[in-house]
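Across the two complexes that follow, subunit A remains constant while its partner is subunit B and subsequently subunit C.
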Partner chain A sequence: MSAADGHSPMLFRLAEQRATGVLLRDTGALYLADGEVVHAESPAAPGIEVLLTAGGRLSPETWQEAVAAAGAACATGRWLIEHRRLAAGELEISRLGALYDAAYFVLLPAAGPTRFRHGVRHWFGSLGGVPVARVEYETRRRRLLLDSLWPHPRLDAAPVTVARAALRPAAWPPFVPRRQAAVLDLADGVRTPSAIAALLGRPAFHALLDVRRLAALGLVETPRGGTRAPARAPAWFQNIGDDPDAALLRRLRVALERL
Partner chain B sequence: MSGIDECLLRAMALPGARGAALVEWVSGLALGVIGEAAGGDHEAVAAETAAYARATAEHPVFTAGHRGTGIAAEEAMVVTGTGYHLLRFLEAPYEGGVFLYLWLDRDQGNLALALRGLRELAEGLVLL
Partner chain C sequence: MTDQPPRPRGTRARPRAQDPTKNPTAQHTPSKGSTKIMANSETALKDAMTSIEGVIGVALVDYTSGMALGTLGGGKDLDLSVAAAGNTDVVRAKARTMEMLGLKDEIEDILITLSGQYHLIRLLRGRGKSGLFLYLALDRGRANLAMARHQLKSIEADLEV
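Moving on to the complex of A and B:
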């Protein structure tokens, strides 16, 4: 495993020590249990509650009920299965989808310094972890995939602007898939790919892929200049304490504000 | 009612099964893998089958006349001299789908049985 990225040596050391706690960087947090990644969150990636409620799979009320009943016991996921609100497979798919999506942003090479708080557990509850090496591999694969489509990383964090050429229907390619058209519809020169993904209830990485493809087609403006620094997490995010209740309340507040 | 690992274990119990995976087709993320990988690398198989799945799910030839909110494609298949590669799409609980992939030995596999089994397994993942 390459140690070229600044975070890798620390992350692999924590995996070797079978550490439990939370790894904090400017772009988000990675939760470990016994040295495996059990959860990840980033302001740049819609949380599992956004994925599940935006598309209508769960109502916001059901989600709030689950968090209220089981969040403090770190068992929200288990509650959803036991009360037959979600199938076990569905929960696993969305949990892993959200985990890799947020981990991508947490492990960005330019995400700043890394800190680790031992002993912190995530309120969602862990249902099996993913090896650190697997998360690292997937994150690197995603970076390479984006660059193979259109090597302009600034697109990932910049507001998405429809290219002037796209306003002339004759300039459009013969067909734009429905998923990409939905991203283009929400591009207003202000929203970032992450903001568009949250509105659509999709993982942020899916929007990054679509924006790169749309830029390659000339339908979205490609920003000029060097790499823009990734969005920083708000201050509370970098100060998640050892108290799971406090972390829960903060996360809940963000989730409620999004609904 | 089954989780991903259990679903993949059951897929491997189908006659002639050589390998199976659950893959998110927009990103190429392997959510779970089991058995052998055609070409030797599970991650590459996930990424490559995802590219094929994406074309199937999004190309206008296959989406013509489709009105629903989900994708039009339900299944896709590639038959080679030595094997069957079967893809079964399923509605993910969020926007952006996943598919169940099964690689079967051509001589030992039973296509009809495998397709039916794959459908049941895909449903089982999202069944309450």
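Moving on to the complex of A and C:
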């Protein structure tokens, strides 16, 4: 389990043991081979197949062909290169992009308990791993970057709602970059940043950045409550058991039961 | 690697079919493609480090997220991860300005001249590489700027395979 700074002792221990298997958390899974991260997936991050096919780089048919031919042998990535569907450099770049993107969500401090299953391999196949320390560093950097833009982590998972003020064109800043405008166009009060990213075929983290920037500009609604944890009950309520009034109520109940 | 037992020495460059019966086409694949599977970007960065005169460090960076996909060189005086993340703001600001001006042109490279160093940012183009830049820090006293720009161009071409 992660401490507040995102440091995961279990992950580092697995790295030291050069473990192979899958690390499972509520937000996704991290695949290790020989103690290095070779793959990551999360429901919050578009998978590599979405990133490759949404951009038109690979047809869905080609992707399915690759999975059918080499998925069982855990060598889908290798198949794509060997059959000249993708250049090695290109695949490496999209693979790393998808890995860090999903790892960000898997390693969120609030991602719940961690389990590890030894020996599990991913069907995509590993084309070289990334050291655990490197993944941890990048995840932490991303968290700090988001907070430096607009410190409201609730925006990351909440439906993106266009701010009422932004519906009046006069309220718009003189210029919204094309990439952010595309995110704003898809904000319908239902889709989360991850859903918007999947529609655009972009990594989820890119959408998180754009949503925070748009919220900072006042174009996207910032969920109320911000970064604060749910408010604690007032002290009188926490000590209610010791309160003389509660004692009175108990006596009353006893009296009523005797009637 | 995908296989569990340690592989024998010298087999790294050859494509290994996991299961020849299931994947017969892997047999007649030219080995050239698979030598680059492992570390294509790493090779490109190594090329930059060794072939360009006066280079201090080099990084391959995703400029939307600020992530360094790979770095080489640098050292105590120049933290390349920090430089990579910081320079994404430079690229973003320029791209934004061009968009505001309505310029349809694309950025090829950005040069920042310090009194002791050159910092060269080359935006990559082409399939699957958009959104990335190569970042090069050069010692101004030893580097040949025109030559470095030219070499960076050919390293970009190598990345494409």
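The working rule: the second predicted complex is superposed on the first by the 218 of 259 C-alpha atoms of A that agree within 3 Å, B and C clash if a C-alpha of one lies under 4 Å from a C-alpha of the other, contacts with A are read in each partner's own complex, and residues count from 1 in each chain.
Throughout what follows, a residue touches a chain if its C-beta (ideal position, glycine included) is under 8 Å from a C-beta of that chain, and two chains touch if they have at least 3 such contacts.
Keep in mind it's a predicted model, so treat the numbers as computed, not measured.
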item: Overlay on subunit A: subunit C relative to subunit B, clash or fit; value: clash
item: Which of subunit B and subunit C A:141 touches, first, second, both or neither; value: both
item: Partner chain in contact with A:57 - subunit B first, subunit C second, else both or neither; value: both
item: Subunit B versus subunit C as contact partner of A:220, first or second or both or neither; value: neither
item: Partner chain(s) touched by A:69 [first = subunit B, second = subunit C, both, neither]; value: second
item: Contacts of A:33 with subunit B and subunit C, given as first, second, both or neither; value: second
item: Which of subunit B and subunit C A:201 touches, first, second, both or neither; value: first
item: Touching partner for A:79 - first (subunit B), second (subunit C), both, neither; value: second
item: Subunit B versus subunit C as contact partner of A:178, first or second or both or neither; value: both
item: Which of subunit B and subunit C A:92 touches, first, second, both or neither; value: both
item: Residues of subunit A touched, compared between subunit B and subunit C (which is higher); value: C
item: Footprint overlap on subunit A, comparing subunit B with subunit C; value: 55, 57, 84, 86-94, 96-97, 100, 137-138, 141-142, 145, 175, 177-179, 202-203, 205-206, 209
item: Complex interface listing, subunit C residues touching subunit A; value: 1-2, 4, 15, 17-19, 22-23, 25-26, 29, 33-34, 36-41, 44, 62, 64-67, 69, 81, 85, 95-96, 99-100, 127-129, 132, 159-161
item: Residues of subunit B that touch subunit A when the two form their complex; value: 1-4, 7, 22, 24, 26-29, 31, 43, 47, 58, 60, 63, 92-96, 98, 124-128
item: Interfacial residue positions of subunit A with respect to subunit C in the complex; value: 20, 33-34, 55, 57, 69-70, 72-75, 78-79, 81-84, 86-94, 96-97, 100, 121, 125-128, 137-138, 141-142, 145, 175, 177-179, 202-203, 205-206, 209
item: Subunit A residues within the subunit B interface of the complex; value: 51-52, 54-55, 57-58, 84, 86-94, 96-97, 100, 137-138, 141-142, 145, 175, 177-179, 200-203, 205-206, 209
